[in-house]
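Paired with subunit B in one complex and with subunit C in the other, subunit A is shared by the two complexes that follow.
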Partner chain A sequence: MRYAFLDEEAKKEIRRSILKAIAIPGYIVSFASRELPVARGWGTGGLQVTLAIINEEDNLKVIDQGCDGSVNAVNIRNFISSVTKVNTTTSTTDATIIQTRHRIPEIHLEENQTLVFQVPMPDILETVEPNISKAKLLHANADYSKLWVLLYEDTSQFGDSRISNRYPVMVNNRYAMDPSPIPKYDTPKLNNCKALQIFGAGREKKIYAIPPYTNVVPLKFEDREFKVESFENKVCSRCGSTHSFLDEVYDDNGDIHYYCNDTDFCDTNLKSKENK
Partner chain B sequence: MKSVDIEKLNRENFRSMMNVLSMPGKIEKIEELFNSSFLAIANTLLYSEVSFYYEGKEEFELIKAITNPKEADTKNADYIFCDELNEFIFNQGKIGTSIDPERSSTYIVKCKNFKGLNVRLTGPGINERKDISLPINESFVNSFNEKNSYFPLGNEVFFLNEENEILAISRTTKLEIL
Partner chain C sequence: MAYYAIKGGEEAIKNSLHFYDEVTSSANDIEDKNLIEGLTFSIDKVISEGSLYSKKLAAKAIKRSAGDLLNASFFLRAHRSSCQRIGIAKEIDVNDMRLSRRISSAFKDIEGGQLLGPSNDYEIKLLLDLKNKDVDIEEYSNEDNVIKSALTPLRNDNLIKVLPKEDETWDITRNYPNAPYPRSAVLQVMSRGESGSLLCIGYTTMRGYGDIHPTIGDLRIGELDIKFTHPFTKNEVKIGSVEVTSVECVGTFNQDENGDTKLTTGFGFCFGKNETKAISMSMIDLSLYNSHYSVGGEHIVAADFDMIMHHLDGIESFGMTNHFKLPHYVTFQTDYQIFKSAQKYVEENENGEGK
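Right, the complex of A and B next:
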């Protein structure tokens, strides 16, 4: 089998799109998406990006909803390691490539790292403009009035936007971008991030990117503060963290417990407490 | 006979190119193919769906045979390879359209070393600012800034020196002469 499963032409096609995506932050580049031995919706976009950029020197981490041990994460990690023999890790700090779905790790990323997102719907305008060619024209004209109207309607009726994830962001003051289905909590982490962030949508055949140190701001009215999910007075029952994205879990008695969504962050926290 | 794993070279060289483009001004190494880092880059970028233009002294026939790209003139080529920075060619390359800004030319330019004009780089990929030396003159700075003045239209330029080192400036990079 070929290294990294894809044939060289497929990799060159994906690499061409990645370079253009880096050069035009937030802009959606089309590419010829390939078939992969996983179902669409399982992250074929992220997988193709990872397979096109990975090499023998890499240390790969795969997370799904913040967890290294979920079915999607384990299968993707096993697949990539079986076709590349690359080292894998669950540690965020040790990884050079992190493929993710739904979350940005809690630990700050560094310059030598690349975060690859699995993206279901790449165009943020899709909710307000279902016609793809019209949406492309709106991007070309930087006409995001329909998004602003959506925000305005929510704000006037409910006091704030109802968007809980995929919150629209403006990249480099030019392109409105879908930050993949990350929670609002992670949106500020996109801004001025030290790591390269690449977004791949396999079914939709699109790639886009945010280079390191790039300005990314959530779309927001000037007199409205951007609010993220609040976990005030909530503590992780496992590691005691008070400043991470928490999952709400009900036990058999119906009692609510909170746990860090990022399992590596929780493990590292726990280990450092045990060592003290 | 020593065998060469071309695909391994490609993935290593692509990573270097990805790193230098995502952080303009950063310098990385390129592994040679057929004793040339220039040909190694051509082999990394070219394939049957893209077009290129080259006017210079490197032997491109083998790369063309391996990668099967289309040849095009300077106004239509996706990749333009130059043995030296040629402002006439730079001004001819396509900059894309508002709808398809990615349909623009990428330049790969050979140079002796990176010494030349001291410039300040700002923009995405750069932590506030970066002061470096580039093998360019004042006139090129004007051309580059002008061609990239209407973002998202513009060009990326990779500089490759005789030490097989590569650095890049992107269409988002603002150049200021120091």
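Right, the complex of A and C next:
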């Protein structure tokens, strides 16, 4: 098998698209998007980005819904390591490339790290303008009025936007961007992040990026604060964390327990407590 | 402890795969030859949608996916991504096909005649073993039937609308276009699109979402030589042949940009024997590029380029549909919180109004 599975032309094309994406923060770049041995919609965009940028010195971490051990994460990690022989890790701090589905790690990222998102819908305008040609024109004119109208209608009916995940963000004061289906909780982490963030959508054949230290703000009316999921008064039953995104888990008796969604964060937290 | 239940884990995958192999192991007993020759239409569907012409790999893929043909095409597509391209073959012309089947329903009499070839179109579909008894059967001819398209005379008389030729053929596997999409890219998307999707969208044009009742001008199945310029000798060499289906259908007429009255045609082309797919493709091609020739409305599904470019691919749509099987608890957790606060907001507001 060829190093990193993809043929050299494909890797070259993806790298060029990534460079263009970094140069224009939040702008959607088209690429050919090859088929992979993993189904479309299961992370083929993130995979292509990872396969195109990875080398022998990298330390790879793959998470899905906050967890290194979930089936999709395991599958993707096994596939990448089988075609590259890179070291893999579950530790956020040790990783140089983190491929993620729908979460940004709780532990802050650093300059030498790249966060690769798997993206199902790359264009935030898709909800309000399914016609791609028209949406492209709206982006070109920075015309996001349809998104504002949606936000206004929701706010007047329900007090806030009904969008819970993949909340629209403005990148570098220019492009409205889909941040992949991360919870609102993770949205502020996109802003001024030290790590490079690359977004890959395989089925939709698009790549976009947020370079390090870029201004990213959620789309919001001036007189409304941006509210994220609240886990007030709730504590992780495992590590005792009070400031992380929690999963609600029902046990066999029907009782609700809360656990950190980010399993590496939970493990690290637990370990540092035991050491004290 | 419930916490561990949310981790899928490597063990679970291994067990599941092992179970799958055990349940479908009989597929391995089928000889490739039986699949390739006996279940030839399955093979042809897979090479067409997998867009990789290898009947042998298709047979392997069908066995690996236990007869799930879309899944089998997916194996071929994935394999294709690891193949380095060595060059681009010469343009082919469907008029050069060595035909095994060729029909035209537009004309009573055509040059070269109708060639039914192997077909069960006229078979009564009963699950009974009724053998054709005592029938005198014509010997199959061994001659190379190379016959020009039945529409050639109309074309020579300048009666058919000609679409402008592109300077360079697009290649959707190396470069995916943005709208407006070049026709070569649109045809490629259709050629490797899912047969059922093409049939569905093609069918809409005959049921009110369009007014197309095309006539099959020329439907042909046969072999085409693939020629290639040798990188060292620069000579043209034949590197193999492929079996393909090609359809030209004829639609309605209208005045073109120059005011000349012209007939419209649509083109369908794919690997293997896939008549329904090629016919559907030709109808959609006709509908896309001639929607203003339509007597009825122009704004129909089969005349919408985005609809065609992004919804025909079976491997993409089935992958996306199946991704719903992956865990979504983060998404749901956050949906649920938004729902609860919206519910609270609405209740409070209603109470407020009541007072």
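Just so we're on the same page, the second predicted complex is superposed on the first by the 276 of 276 C-alpha atoms of A that agree within 3 Å, B and C clash if a C-alpha of one lies under 4 Å from a C-alpha of the other, contacts with A are read in each partner's own complex, and residues count from 1 in each chain.
Here is the rule we go by: a contact is a pair of C-beta atoms (placed from the backbone, for glycine too) under 8 Å apart; a residue touches a chain by one contact, two chains touch by 3 or more.
Note that the coordinates shown come from a computational prediction; the quantities given were computed from them, not determined experimentally.
**Q** Label the relationship between subunit B and subunit C on subunit A in the superposed model as either fit or clash.
**A** fit
**Q** Looking at the overlay, what does A:Ser230 touch: subunit B (first), subunit C (second), both, or neither?
**A** The answer is second: A:Ser230 touches subunit C but not subunit B.
**Q** Check the residue A:Ala23 against both partner chains and state whether it touches subunit B (first), subunit C (second), both, or neither.
**A** first
**Q** Which one hits more subunit A residues, subunit B or subunit C?
**A** If we count touched residues of subunit A for both partners, the winner is C.
**Q** Have a look at where A:Tyr185 lands relative to subunit B and subunit C in the superposition and call it first, second, both or neither.
**A** second
**Q** Considering only touches as defined above, state whether A:Asp64 meets subunit B (first), subunit C (second), both or neither.
**A** second
**Q** Identify the partner contact of A:Asn131: answer first if only subunit B is touched, second if only subunit C is, both if each is, neither if none is.
**A** second
**Q** Just subunit B (first), just subunit C (second), both, or neither: which does A:Tyr258 touch?
**A** In the superposition, A:Tyr258 contacts neither subunit B nor subunit C.
**Q** Pick one for A:Pro37: touches subunit B only (first), subunit C only (second), both, or neither.
**A** The second partner, subunit C, only.
**Q** Answer with first, second, both or neither: which of subunit B and subunit C does A:Glu8 touch in the superposed model?
**A** Touch status of A:Glu8: both partners.
**Q** Tell me, in angstrom, the smallest C-alpha to C-alpha distance between subunit B and subunit C in the overlaid model?
**A** Value for subunit B versus subunit C, nearest C-alpha atoms: 8 Å.
**Q** Which subunit A residues contact subunit B in one complex and subunit C in the other?
**A** 2, 8-9, 13, 32, 136
**Q** Within the complex, which stretch of subunit A touches subunit B?
**A** Going by the criterion above, the answer is residues 2-4, 8-9, 11-13, 15-20, 22-25, 27, 29, 32, 52-57, 111, 136-137, 140-141, 172, 174-175, 196, 209-215.
**Q** Using the touch rule from the top, collect the residues of subunit B that touch subunit A in their complex.
**A** 7-8, 10-12, 14-15, 17-18, 21-23, 44-50, 97-99, 101-102, 106, 124-128, 151-152, 156, 170-172
**Q** Quick check on the complex: what are the subunit C residues that touch subunit A?
**A** 1-3, 5-10, 12-13, 74-75, 77-78, 80-85, 172-180, 306, 310, 315-316, 318-323, 326-331, 333-335, 337-338, 341-342, 345-346, 349
**Q** Could you pull out which subunit A residues touch subunit C in their complex?
**A** 1-2, 5-10, 13, 30-42, 44, 64-67, 69-72, 74-75, 78, 101-103, 120, 130-133, 136, 157-160, 162-165, 181-185, 203-205, 227, 229-230, 237-238, 245, 247-252, 257, 259, 261, 263
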